[in-house]
Structures are given as C-alpha cells and as structure tokens.
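Next up: some structures, all given as structure tokens.
Two complexes are shown next, each including chain A; its partner changes from chain B in the first to chain C in the second.
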Partner chain A sequence: MWSFIARRLAGGILLLVVASSLTYLLMNANSGGIALRILGDQATAEQIAAKEAELGLDRPVLERFGEWALGAVRGDLGTSWFTSEGVWHTVFSRLPVTLSLVVGTVVVTTIVATALGVLAATRRGRVDRVVQVLSVVGAAAPNFWIGLMLVVGFALTLRWFPATGFVSPAVSAAGWAASITLPIVALALGSVAAVTQQVRSAFIEVEGRDYVRTLRSRGLGERTVLFGHVLRGAATPALTVLALQFVGLLGGAVVVERVFALPGLGETIANATTSGDVPLVMGVVVVSVALVVVVNLVIDILAGWINPKARVS
Partner chain B sequence: MQRHIRGTAGAAAVLLAGAAALSGCAATGGAVEKDDWSSLTIAAVAEPTSFDPAQAAEANFAQYYQPVFDTLIRRLPDGELAPMLATDWRLSDDGLTATLDLRDDVTFSDGTAFDAEVAELNLERFRDSGGPFAANLANLTDVVVVDDDTIRLELSTPDPDIFQYLGNSAGYMASPAQFTGDAVDTQPIGSGPYELDRRQTVTGSVYTYVKRADYWDQDARWDFFETLAIKPMLDPAARMNALRSGEVDTGIIEPKSIPEAEAAGLGVSTFQVNWYGLAIFDRDGTMVPALADVRVRRAISYAIQTDAILDAVELGHGETTDQGFNTDSEAYLPGLDEAYTYDPDRARKLMAQAGYADGFEVTMPSSSNMDPAMLAAVGQDLAAIGIRVTWREVAPADFIPALREGKFALSWMSFAQPPTAWGTVSRFLLPTSAWNVFKTRDDRIEAAARTALANLDDPEVYDAAVAEINRVTVQDAWNAIFYRVEQGVVTRAGLAAEGQAGQAAPSIYNYSVDSGAPEDNAPESNAPENNSTDSNSTDG
Partner chain C sequence: MSAAPLTTAPLTTAVLRASETGADRSLTRRLLRNPLGLTAIVLLGLIVLLSVLAPWIAPHDPNHVDLAVAFDPPSATHWLGADSAGRDVLSRLLTGGRLTLLGAAIGLTVAVVVGLVSGLVAGYYGGWFDTLSDLSTSLVMALPNMMILLAIRVVVGPSLWITMAVFGLLISPSIYRLVRSGVRQVRGELYVDAARVSGLSDARIIARHVLFVVRAPIIIQAAIIGGIAIAIQSGLEFLGLGDQTVPTWGVMLSEGFGNLYIAPLLILWPGLAIALTIGSLVLFGNALRDALEDKPAAPRLRGGVARQSTATATATATADDDVALSVRGLTVGYPTTSDALKTVIESVTFDVRRGEILGLVGESGSGKTQTAWSVLGLLPRGAVVESGAIVHDGVDLLADAGRTQRGLLGRRIAYVPQEPMSNLDPYFTVGHQLVAPMRKHLGLGRAEARDRATQLLAHVGIPDPVRTMKAYPHEISGGMAQRVLIAGAVSCDPDLIVADEPTTALDVTVQAEILDLLRSLQAERGLSMVLVTHNFGVVADLCDSVVVLRGGQVVEQGPAAALLSAPQHPYTRDLLAATLDGTAPRSVSDAAYAELEAAR
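Here is the complex of A and B:
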C-alpha cells in the first residue's frame, strides 16, 4: 500500500514537472504583446522595450524557466504581471471558490447519479428510459446555457438565488450556500448524466454475475444483495468516472464561473492565459496539477477500501 | 420498441417545454428597487493592474483610482476643467510654462499634508516610471516649487492638453508614504473621498472603498456613499444579470443590450465615446501598395454601407460620420459627418481611375469578440468594389498588439474620441503618435500642428489650425470611419449617472441619487470654486 502511494506520488511529481515545462514554453511561444497589454495601447516603443526588460522578456526562455523553477521549488511563485498581487495569494484566495463549486458538484453528482443509476438499473422499463433520456439531455446541454437558463428562472424571475457573485462561508454560511447552488446545478447536470450511465451499466453488469445469483439463492434479502454487494461491486468503475469528472469539472468551472461572475481559479486562468500573465498561469497550473494528483490518489485508495477486489498492492 | 420511442419522445417533450418556460421568463424579471443608497456598487469592464498612480491606466480604469486619488484638476462630465487640488492654473504665452496654485488644506488618508513638494514628487515620478501614460509628461523638463502652494511646470515643447492630463492619470496625487512602503502597487494612499479597504477587497471580484470622514471637500457637489464597491465583470451577460437582479447598481453595456435593459425597467442613458470603422494604417502602401493612392482610400469610404451596419449591429444607437474628432472638440466640423455617403458606383470609378479596376487582395484581422455580422457586411461591401478580404483570426488579447506592431495594413477598429482636438492629433495623426502605426507624414498636417502650438493664446487661430488637420485627414481618407457609437450606462431606479466626455465609464463624481439621498450626503452649500467651470485651459 505504502509503496503504491509512493509510486503514485513520484508519478505525480513527474507530471508536475512535465506540465509546468510545457505550459511555460507554450506561454512564451507568443510573448510579443504582453508589455503592450500591460501598458495600454498608447504606450511608446521605448516604454514597451523598458517593460519587456523589466519582465525579463528579452532574455532566453530557458534561462527564465530555470529562474521560475528555482523560485517555485523554494515556494516562491512570484507576482502577477497584470494585478501586481502575489501568485500564492491570488491562487489561495480563489481556490475556495473553485473547490466549493467542484467539490459541491462531485457530492451532488455522487448522490444523485447513484440514486438515478440504481433506480434505472433495478426498475428498468419506463423509469429506465426516462433516466436515459435525462442523461442524454444532461450530457448534451452546454453548461453555460444551463447556467443562463437557471439565472433567468431562479435568480431574475423567482429571485430565490443571487444571479452573480460569491459569498465566503466565513462571512455567511447561508449566503455561501445560496451563491453556490445555481453554479453547482449548472455544472452538475453534465457529470450527473455521465456518472448515472456508468452506475446503471455497472450495476446491471454486476447484478448478472454468478456470485450475486449465489447470494440470492442463499436467501439473502433483496436490499442486502443490492446495496451490500451489487452496489459495492459497481462502485469501482463509477469512482473512476467520478475522478475523471473531477478533472473535467476544473475545466467546466471556467465557463460556469464566468456566467455567474464567480472569482474562482477558472476565471483567473482564463483571463491570465489570454492576457499572457505567465507567473499567474504557472501558479494555477502547479496548484491544479497537484490537486488532480491528490484527488486521483484518494479515489484509488477509496476504491480499494470500498471494494477489496480493486485494491492495489 | 414503439412504446420505447413514445416514452422517450414524451420525456424529451416535457424537458423542452420546461426549457421553453424558463426562456419565456426572460422578459418578466424586472429590476429590483433599492431603498438604502448608503452604498453604491458598480460593475466594471476592466480591472486595474496596479494602484501605483504612476502605473495608472485611464478610460474604464479611472473608476478604480478616482475614489482614492484626487487629481490636481477635475474634468467635468462635459470635458471642461474645474478646480480640485489646484485652485487655479495658467499657461504662459509660449506654452512652455504651466503654473498651478495648490490647496493648502488637504491631507492624505495617512495624515500627511499635501503641498507643492509632494506634487513635484508625484509628477516627476509619473514621468519617470514608464507607466502607461508616462508619455503625457515626457516633455516635462522640470517641476519648480515656487512656494508651499504653487508649482511651475517647465515644458520642452508646448502641449495644449497639459491640463487635461493633470485631470487624468498624470494628476493623481499620492502620499509619499505609498512610494516607500512595499505595497505601492496594492495599497493606495491618496487624498480622495474614499479609502481602499483591502480586507473587503478580493482582486478580480470586488474592490471595496469606504468613505473618509475627514475628506477635505465636504461641500463637493457629488454624492458620497458610505461604501463604494467596484466589481469587475468581464462577461456582458453576467453584467446584465447582476444589474437586473440588483446585485450591482450601475454599469456600462453594449448598444445591442439597451433594449433588454429598458425592458427590465432599468434606466439607460447614452453618450458618445468611440468611433467604429476601418482604420487604414498603411497609407504609404508599404504592405498593400494600393492603399497609398488616395482614390483607393476614398473608394473604401464610399463602398461601406455605414447606416445599414449601424442599424444592424448597434440597433441604430449612434451617428454616421467620416471624422475622428469628438463633436465637443475644437476641430469638429459638422459637414464632415457626411463627407462620404454610400456610393458603390463612385467607389468603383475611383478604383478604376487608380488603376485597380480589377481590385486587389488585403488581409484583415478578425477576432472572436467582433460582431460576425459586421465583419460579413464589411467583407461584402469591399468585395463589391473588387477588394477581396482574407480574414485572419487573431485572439482578442493579441488584437491590439498585432495592430500596433504593424502586422495589418487595414483593420476594423474602435477608437476613442478624446474630448480635445489635440488629444486626437497627438495620439493618432502625427509621425510621433502611438497609433500612427506606419508613421505616415503629411506636410499640411504637420504645418497646421505647428501653427496650433504657436498660437495657444489665440483660440481663433488654434481652432482653425486643428480644424484644418481634421479636414485633411477626412479629404485624404486616412481612415474609413463608419459611425460614433453610443455607449449605454445602465442605472437602477433612484440613481443617475452622467457620461464622461472621452471616457467609456462615468467618473465616480458623475453618480447621484435622484431623491431621498441620505441626509449626511446631501450637499449643503457650494463652495465658489466648485461651481467654476471656468476653464483656464487652452482648449478655447
């Protein structure tokens, strides 16, 4: 078990190195307009040259990457070129927003998708078909559109939730819940659709196995068979999809955060990438990759705990 | 199988009906009333890169700086100048010396007194810090402290807009303590009516300002709010939703969103800031030889059906024109608004006379934030006279840099119309101008510019000279300008916002509560200097 964790962590560090090197090179493939974007369209050629020298853009890419990497190893991610704010500060002030959104979505997805998947697998017939249609629609509807529809319906018309903005749970727990509900619903629809399908097919597949028939023939109650054994067997593939969803949700957050004007990492990285804010993009990439590595590790351990057959040595 | 299909179709129909019901609600959500106006929340379309006044940007960014930094001179909504930290100002006859009398009763939020030496420090720092608008003070050779409340600015060349600059980023005055601390970019220390509250500020989400109890101008004729919050909202749909749900009180919107705002019961006022049209950069024909021929450039102006584009893209919110000067500026000539009316036959004749009867090829940038209908219309109108456009997609953030680097001979563009004639001349038309990308020279323009600078004390000669520059640029079709677009400012019921000449977002002094203003916010008396719109500027 421990060697498994160690190997996964080593792989994670390798991934971090590869991802950050590639990002740095890509960000610097087109660094032409950065100084002008910082200074504004009235800047003179001399000012632009001076700004580029100040940012180090006149030096070789590898030299700058080396400098950045040395700083990053020491825990110094630098300062944003466009907001003058420390990168750590920016990332950690925005991480709670994105985590609220993504973790909330994962929780909602787990509960709703399990319920719907099991319902569809056990009832079949009409219930199954309705669930299937819902899944297809949920997977097909773009989340920005769902977000806008939710805003029109529940924020502007019914006024149950705010249309935009984020309230920190430290300020008001109720305010936080209200501000995050619509974004989570908008983001969850797609992942609920995907995971429901997975739960449903895994459940049906496991239910047809010999050991389940044996359990039933031994007179075990239907509830014990379904929830104690079948669901447990179906959990592993469902968890794998959920882990993939988590990574996808970090990407989906970009769109949803923009629609709801949430100050999260998605909005940050979208703006930082288009403007060419190299230090900030690098900071977000490092933190997101680390997050994905940790989440995948936790999911693997969790899968082993739920289903010993999936346990890795 | 059939039953399966029927079930599926039924479920789909229910979903569609649900979605349609939601969409149908769009028009029913009216704006929310607000009773307590002790706070004002503004949705902004930009975000500041630094609170160092020497690094301050202008236009949409001004709203972030004005609450904390007073300027030496105040720009009134119509572009006229009024006293602020300076009570009086004058320019010498040769335009090389500007003298300012300063207030002696002003303190910064850290308790430091504002005086002539602090003003000197700020002005020299602005000039030397390489900020976005440092070039505005590039000709400032020296700041002389005459006495505690008088400074003299020595200039190497005359600049008719020097007092305009001092009413904008160059005029922001900060306490010297801000420059010595390590938070020069993030913690502003000014003499303005508000202080930035860092604890309630989340970069990228909300900037919170709280009212200063000891602000020097308690008689200011604008409404103070106990707190002022500015939320950067880059997405137009999010901005509109926040306005409709009452989460923000005011914000600027695109012309095509005006009907939606009005339908939702929000107040909409409009004012003109930018011109939209084709910027012809390569007037010497370096990249596209045909553009060196004035007949070809005129043909382009005749070829575009500008009123149709105005109606289709901006829903008619604007005025067609062919000149780039602000209607309030000294150079504005009403006749030039109709210099080129849509006439494709004439355009084709001009093309033939220039030897381009078969047309030519040109590459123009397109970008995802441009209206595809507008690009299609432009491409079609140009194709009708033989100019075949190849569109090259450029990322929105790379668009301005690509143009400034001279990668395109011709492009659709939206340019500001500065409130003064010299603002347009200096930014766009001289060989030294940032936006004269290919450094086009014209003897008539340069001679008229010299005449203008030599006659700063004679408004008649000055006005005639800048008007001549306008006439030459329109006659020679330096650009193919379509129209001046109307910028929409949306406010909730109870709030009024006045547009600021030459600035996309209103200045923070331009907001007022219509009625039932909080008692302690109501202006009591008007200090004489605050009524003054007497402009000592050279703008005539």
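Here is the complex of A and C:
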C-alpha cells in the first residue's frame, strides 16, 4: 500500500513540475509590452526600460524560470506585477472561497448522484427516464447560465438567497451556507448528471455479476447485497469520474464565481488574465494543478481501500 | 465547465465492441428511427442552417447601434428586442451562432486531427511513440483546461480562433485514447494480418480496416467535444475575456449579465441557444451510441418471483414426507420485444427424495441452469415463472411472490455455483463472506462465527484455513475458491443443495477432489442435492437419479443406474455416447446462455 501511494505521489509531482514549467516558459516567452501596460501609454522609453529591469524581463527566460522554480519549491511564488502583493498570500486568501465551492459541489454530487444512480438502476422504469432526461439537461446547460437563471429566479425574484457575495464561515455559518448554496447548485447540476450516469451503469453491471447471485443465495438481505456489496463494486468507476469532475469543477468555479461575485481563485485568475499579471496567473495555475494532484491521490487511495486488487497494480 | 469531464471511457469500450459487430448500413436507419435521435439531428441541422445563412436572413446589421431603442422589449421590428446599445438581438443571435459554431468547429478539427493521427500511429506501431504519447496524454488530462486557456490568453490575447485551437489540443486525449484502443483491438485481428501478408501497405490497411472500426465512436466523442467547446468558449467570453468586437453567444451573455438588473431577458436568448445546441449534440451522441449497441428495451421485472398462473400448481404436488423437493410443471419465460414470453423451460417435473442426489443433465441451452435458478428463486431480471410449483419440504415456495423462497435461502436451501473465481466478491475477504451469513442465520457472534468458518475451511480440505480467512479471492486458486464456496453453502446447515456444474471450471485433478468432497458432505449430513451437469461421468459417479433435459423439456428421467445402462430416448443415447467418446458437449456456459436469453 505504501509503495502504491509513493508511486502515485511521484507521478503527481512529475505532473506538477511539467505543467508549471511548460506554462511558465509559454507565458514568459513573449514579455514585450508588459512594462508599457503596467506604466500606461504616457511612459517614456527610459521608464519602460527601468521597469523591465525591475521585473527582470531583460534577462533570458531560462534564467528567470530557474529563479522562479527555486522560489516555488520554497513556497515563494513571486510578487504580483500590478499590486505588488505576494502571490502566495493572494492565492491563499482566495483559496477558501473556491474550496468551499468545489468541495461543497463534490459532496453534493456524491450524495445526490449515488442516490439517483442507485434508484435508477434498481427501479428502472420512470425513475430511470427522469434520470436520463436530467443527464441531458445537466450536460447541455452551461453552469454559468444555470447560475444566472438561479440568480434571476431565487435571488432577484423570490429573494430567498443573496444574489452575490461571500460570507466567511468564521463570520456567520448561516450566512456562509446561504452565500454558497446557489453557486453550488449551479455547479453541481452538470457533475450530478455525469456521475449519476456512471453510478447507474456501474451498478447495473455489478448487479449482474455472478457473485451477487451467490451472495443472494446465501440469504443475505437485499439491502446488504445492494448497499454492502453491489454499491461497493460500483464505487470504483464512479470515483474515477468524480476525479475527472473535480478537474472540470475548478474550471467551472472560475465562471461561476464571476456570476455570484465570489472573491475566489477564479475571480483572481480572470482578473489577472485581463491585466496580464503573469506571476499571479502562474500562481493560480500551479496551485490548481497541485489541488488536482492531491485530489487524484486521495481518490486513488480511496479506490485502493475499496478494491484490494487496485493496491497491487 | 459543466460538461468538461464527459470523457466517457466506459462508453468507449462498449461502443468499440458494438461497432465491430454492428451491421453498418442499418445504423443510420436505427439512428433515424430513434425519436430523440431524429429530433437532435433536425435541431442541429436547423441551427447550422440558420447560422450559415445569418448574413442573408438577419433582419438588421448585428453591430448597428441605435441608442433610441436600447433595452426595447420584443417588437415588430426587433422580434427579440434590442440590447444595451440598441442592437437587434435576433440578428446578433444568428450572427453569433455562425461565429460560435465556427469556433467550436476549429476546436473539434484540431482535437480530431491530433487525436486521430497520434492514436493511429501509437496504436498501430506502438514503440516509443506509444509510450511517450500515453504519458503526455495523462499529463494533459489532469490539467484544468480553463486555467490553461486563461494562461494562454495572457500570451496571445483575446483571439477566439487561437483559444479554440488550444482547447482542441487540450481535449484531444479523449479522441486519442478512443482511437488507440480501437486500433489495438483491430491490429490483433486475423483479417488485418491477412491484409498485411497479402501485401497491402500500412496506409491502406489503416484507411480500410482500422478507420472503419473507430469511425462511429469518433463521431460520438466529437458530438460531446463540440458541446464542451461551446460551453468553454462561451464561459471565457462571459468572463469578458473573449473578443468583444465579434458578437458570439458568449459575448451576448456577458453583455446581458452586465445589464441583468435592467433587462434580465437579454441573458435568456443566448443561453437558450447554447443549451439547445449542446443538448442536441448530447442527444445525438446518445442516440448514435444506442443505435450502435442496438439495445432492446431493458426488462423491468425482477426475475423468478412472479407466478402468472397457479392452475396446475399445488394440486398435483405430492405431500409425500419422503420428498425434499418437488418441482411440478415448471414453465419459465423471458419477455421479448413483442411483449410475448419466450419460454426457456416448459412443464419440467421431478422429485428429489431426502438424502438423494439428482442429476439435471443436458447440453448447453437445455434449460438445466434455468431450472436450478428457479428452484433458488435467483433467475435473472426479467424472467417470469409462467406456471408450475416448486414445493420444498411441503411448502409452496412460489406462493407469496417468492418471499418464502427468499426466506429459506442460505439456511435451508443453498447454492454451489459453476465458476468459482467469479462467484466470490473480490472486494471482501473470504472470511467476511463466510461469516456474514452465519451471523445472520445462526445468530452467532463475530468470534464464534469466525471459529466456525475456520473449522469449516479445514473440513473442506483447505490446508491453511487461518490464512485463507484473511485472503482476498484473487489471492487463492480456483480449486480453493470452489472449496470456499462449498463451505459457504453448507455453513448454515441447509438440507437441500443446488450445485450448478460445480466442477466444470476446474482442472481435471481438482474436479475429482471436489466431487469427493461433495459426496462426503452429502453422506455425512444427509443432504438432498440437485446437481446440474453435462457430464455423464459425474452422474455415474454421484447421482441416485437423473433428469435429462433438452430444449427446456424433460425427455427422460429415472434412477441413475437404470438410465445409464439402458437409455430409452435417442437423445439420451447420443449424450451418453458423446461422453463415453470423451468429447464433452459444447462448452458454452449456461450463464452465458442465460445472458443471451435475458437480453433477447
């Protein structure tokens, strides 16, 4: 089990290194015009040259990359070109918002998709058709549009929830819950649709296996067979889809945060992209890839815990 | 984005499997016969047509500003109203469709070209390219697309075309994996070898045989990717990161969002257009997949519990004290597409006396496993007991929709399956699978049950029972697994055992040991047993009486000794001759046959 975890961790670190190197080199390959953008149109050639020297843009890109990478390993992701605030600090003050959103969505998805998928697999008929329709709707409607509709319906018209803004759980737990409910619903619809489909088909596939017949023949109750054994067998493929969903949700959060004016990582990277704040964009990319690595590792360990065979391979 | 992770790996294999066997000409017809598929195609066609014709059919210049009509509601001149700058919403919607679809098409083209070429090369030639591309594929798949696209935008600026091309590159692994596994599968086929031997060039083999197989799966994946492309693109534009000078649907959404409090309707139209387009792409993909698999309607009934007619039932069942199991006029059918039932066993009647071993003999498809599963009440989903009775120890098992039958499973009636390795739950230890039924039926505590299970394992001839208790099924051999399953069957002291070809899947030497074990257990506990087999050697070895089945009907039955020495029915004689020749009847398993029946 330990060597299994170690191998997965090594793979994750490799991903992190490759992804951040490529992104860095790509983003820094063409650094002309940045100083002008920071200083404004009125800047003189000397001012621009001075600014470029200050930011280190006059040095070769590989040299700057080496410096950045050394800093990143020590936990220093540089300084924003526009606000002069530490990237590490900015990212970590925004992280809780995005994590509330994404983790909340994953939890909601897991619960709802498992319930719906199992229901569709065991009942078939009408429940099944409802789930099929839901999965098409969930896949078809972009999450930010669902978010907009939710804002119009529940926040502006019915006034049940705040339309925008984030309340820290440290300030008010109820306020926090109210502020992330609509965003989570907007994000969750799509992932619920995808994961439900997966749970449904995996459940049907596992229920048809020989050992399920044998377990039934032992006189174990239907509940034990379905929830103790079939669901466990169906969990591995469902977890794989959930991991993929997490990667997608990080992207989805970027747009949904804009809809609900949540000050998260997504809002940060969207603004940094518009202004061309390379260090900040890099910081967010690195932190989100790191998040993906951690989540994949957790999912792999979970899968290994559920499925004894996975630990070997 | 909501749809981003829809890279459906399980779909891939199912579709690949299906597309190999599926007759291709009728595929289009099946697709069009599906009402959802037809709707999707019509909708998509309409959207594409309107978008292409936009420059000619748009009632106004999409960029014509007229502040006098800003935020006007729908009117005769502006059917869908006007936006914040008084531009005609309908005209912008049509022109926006053109640009949005063009952007998606660029992403799709890049994804298909890159995925297809690299997948073909990696799958067909393997080698270092395969290793390298597989590695980079898993790297790319773990990247959050949206973040990367945002980073790219910093470098190249707000170009719709470049963004979509990069998106195509990021999503190409889903096509790559599809193509690679398809090519892998085909490459091993004999006809590809034959083509190579006959001197066809690699390029022609790929074009003629390999592309043919992956064609339909690629179309399905392309539909999904097209949807994701539109969602991602409009998401970026919604963030205000798109090219604001071209009126795409995403730009319109972004603009509507800015004026959400003034004119909430402005976000409705582009949103609907996006949802309709992606929705019909998804539906089209689903319909094509269904057409490929050519799935019949799934059966809805739980098998083996409902008896339709009781006319001939208990009346004829004997209340003989000496009979452990009495099967009378048992008829079982499976639903077909035309609502009629296809009968798989008909009027099967036999008695098992106490302490007797009865052999159910027949070739594959004779209905012997169906009979065994009926006795257990474990017929596959969809099966219907049309008529007949199964009486165990004087109790009609089918009387209350199978509740009595289920109540007896494990504690009075037990089952030994055919294929040992697939009949243990791979996720649980052997010990757990033995202990759970004993705790439930015998009311034992955890420690007691473990002790008893360990003793049982020793009793059925497992050399290191303590270690085996802790082992997972994949850690023990097939012969061991069958011993575990037999131990499980007898663990709660049943009086009737149904054994379905308990030795067929095992090595010859192990077969004899397992038969010995069954015999000794039966003798020691006075068990009654129904033994399903196609092997008359096993019958001669073990059985007291025999029922010969053919095509779901009993052709001959009687005491084993008499039937073996003087078979009356020609079919029995044929079967017997086949066994004596040493050639066993066809080895297609009954389980596989049952699956076929269930699917029919």
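Keep this in mind: the second predicted complex is superposed on the first by the 299 of 313 C-alpha atoms of A that agree within 3 Å, B and C clash if a C-alpha of one lies under 4 Å from a C-alpha of the other, contacts with A are read in each partner's own complex, and residues count from 1 in each chain.
Going forward, a contact is a pair of C-beta atoms (placed from the backbone, for glycine too) under 8 Å apart; a residue touches a chain by one contact, two chains touch by 3 or more.
Quantities reported herein were computed from a predicted structural model and do not represent experimental measurements.
Chemist: Could you classify chain B and chain C on chain A, in the superposed arrangement, as clash or fit?
Modeler: Superposition result for chain B and chain C: clash.
Chemist: If we overlay the two complexes on their shared chain A, which of chain B and chain C does A:Arg126 touch? Say first, second, both or neither.
Modeler: first
Chemist: Contacts for A:Val259 in the overlay, against chain B (first) and chain C (second): which applies, first, second, both or neither?
Modeler: Both partners, chain B and chain C.
Chemist: Taking the superposition on A as described, I'd like to know which of chain B and chain C A:Ala139 touches: first, second, both or neither.
Modeler: second
Chemist: Could you look at A:Thr181 and tell me whether it touches chain B, chain C, both or neither (first, second, both, neither)?
Modeler: A:Thr181 contacts neither chain B nor chain C.
Chemist: In the superposed arrangement, which partner chain does A:Pro308 touch: chain B (first), chain C (second), both, or neither?
Modeler: In the superposition, A:Pro308 touches chain C alone.
Chemist: If you stack the two complexes on chain A, which partner ends up touching A:Thr274: first (chain B), second (chain C), both, or neither?
Modeler: A:Thr274 sits against chain B and chain C alike.
Chemist: Can A:Arg94 be said to touch chain B (first), chain C (second), both, or neither?
Modeler: first
Chemist: Which touches a greater number of chain A residues, chain B or chain C?
Modeler: C
Chemist: Could you say whether A:Val152 touches chain B, chain C, both of them, or neither, answering first, second, both or neither?
Modeler: both
Chemist: Any idea which of 272-280, 290-298, 308-316 or 434-442 of chain B is the one running into chain C?
Modeler: Clashing stretch of chain B against chain C: 308-316.
Chemist: Enumerate the residues of chain A that count as touching chain B in its complex and touching chain C in the other.
Modeler: 30, 137, 148-149, 151-152, 156, 258-259, 274, 276
Chemist: Okay, in this complex, where on chain B does chain A touch?
Modeler: Listed in rising order, the residues of chain B that touch chain A are 4, 7-8, 11-12, 15, 19, 22-23, 25-26, 28-29, 32, 47-52, 57-58, 130-135, 185-186, 202-206, 231, 233-235, 237-239, 241-242, 244-245, 247, 395-398, 400-402, 404-405, 427, 434-435.
Chemist: Any idea which chain A residues touch chain C in the complex?
Modeler: Chain A reaches chain C through residues 15, 18-19, 23, 26-27, 29-30, 124-125, 128, 136-146, 148-149, 151-152, 156, 187, 189-191, 194, 198, 201-202, 208-211, 213-221, 224, 229, 232-233, 237, 240-241, 244-245, 247-248, 250-252, 254-255, 258-259, 269-270, 272-274, 276, 278, 281-282, 284-285, 288-289, 292-293, 296, 306-309.
Chemist: Could you please specify the touching residues of chain C with respect to chain A in the complex?
Modeler: Spelled out, the residues of chain C in touch with chain A are 1-7, 9-10, 139, 141-148, 150-155, 227, 230-232, 234-235, 238-241, 253, 257, 260-261, 264, 267, 271, 274-276, 278-279, 282-283, 286, 298, 300, 373, 376, 378, 380-381, 406-411, 414-415, 417, 419, 422-428, 433, 436-437, 440-441, 472, 474, 485, 488, 492, 591, 595.
Chemist: For a test of understanding, state which residues of chain A touch chain B in their complex under the given definition.
Modeler: Residue list for chain A touching chain B: 30, 32-33, 36-44, 47, 50-51, 54, 81-85, 90, 93-94, 126, 129-130, 132-134, 137, 148-153, 155-157, 159, 162-166, 258-261, 263, 267-268, 271, 274-276.
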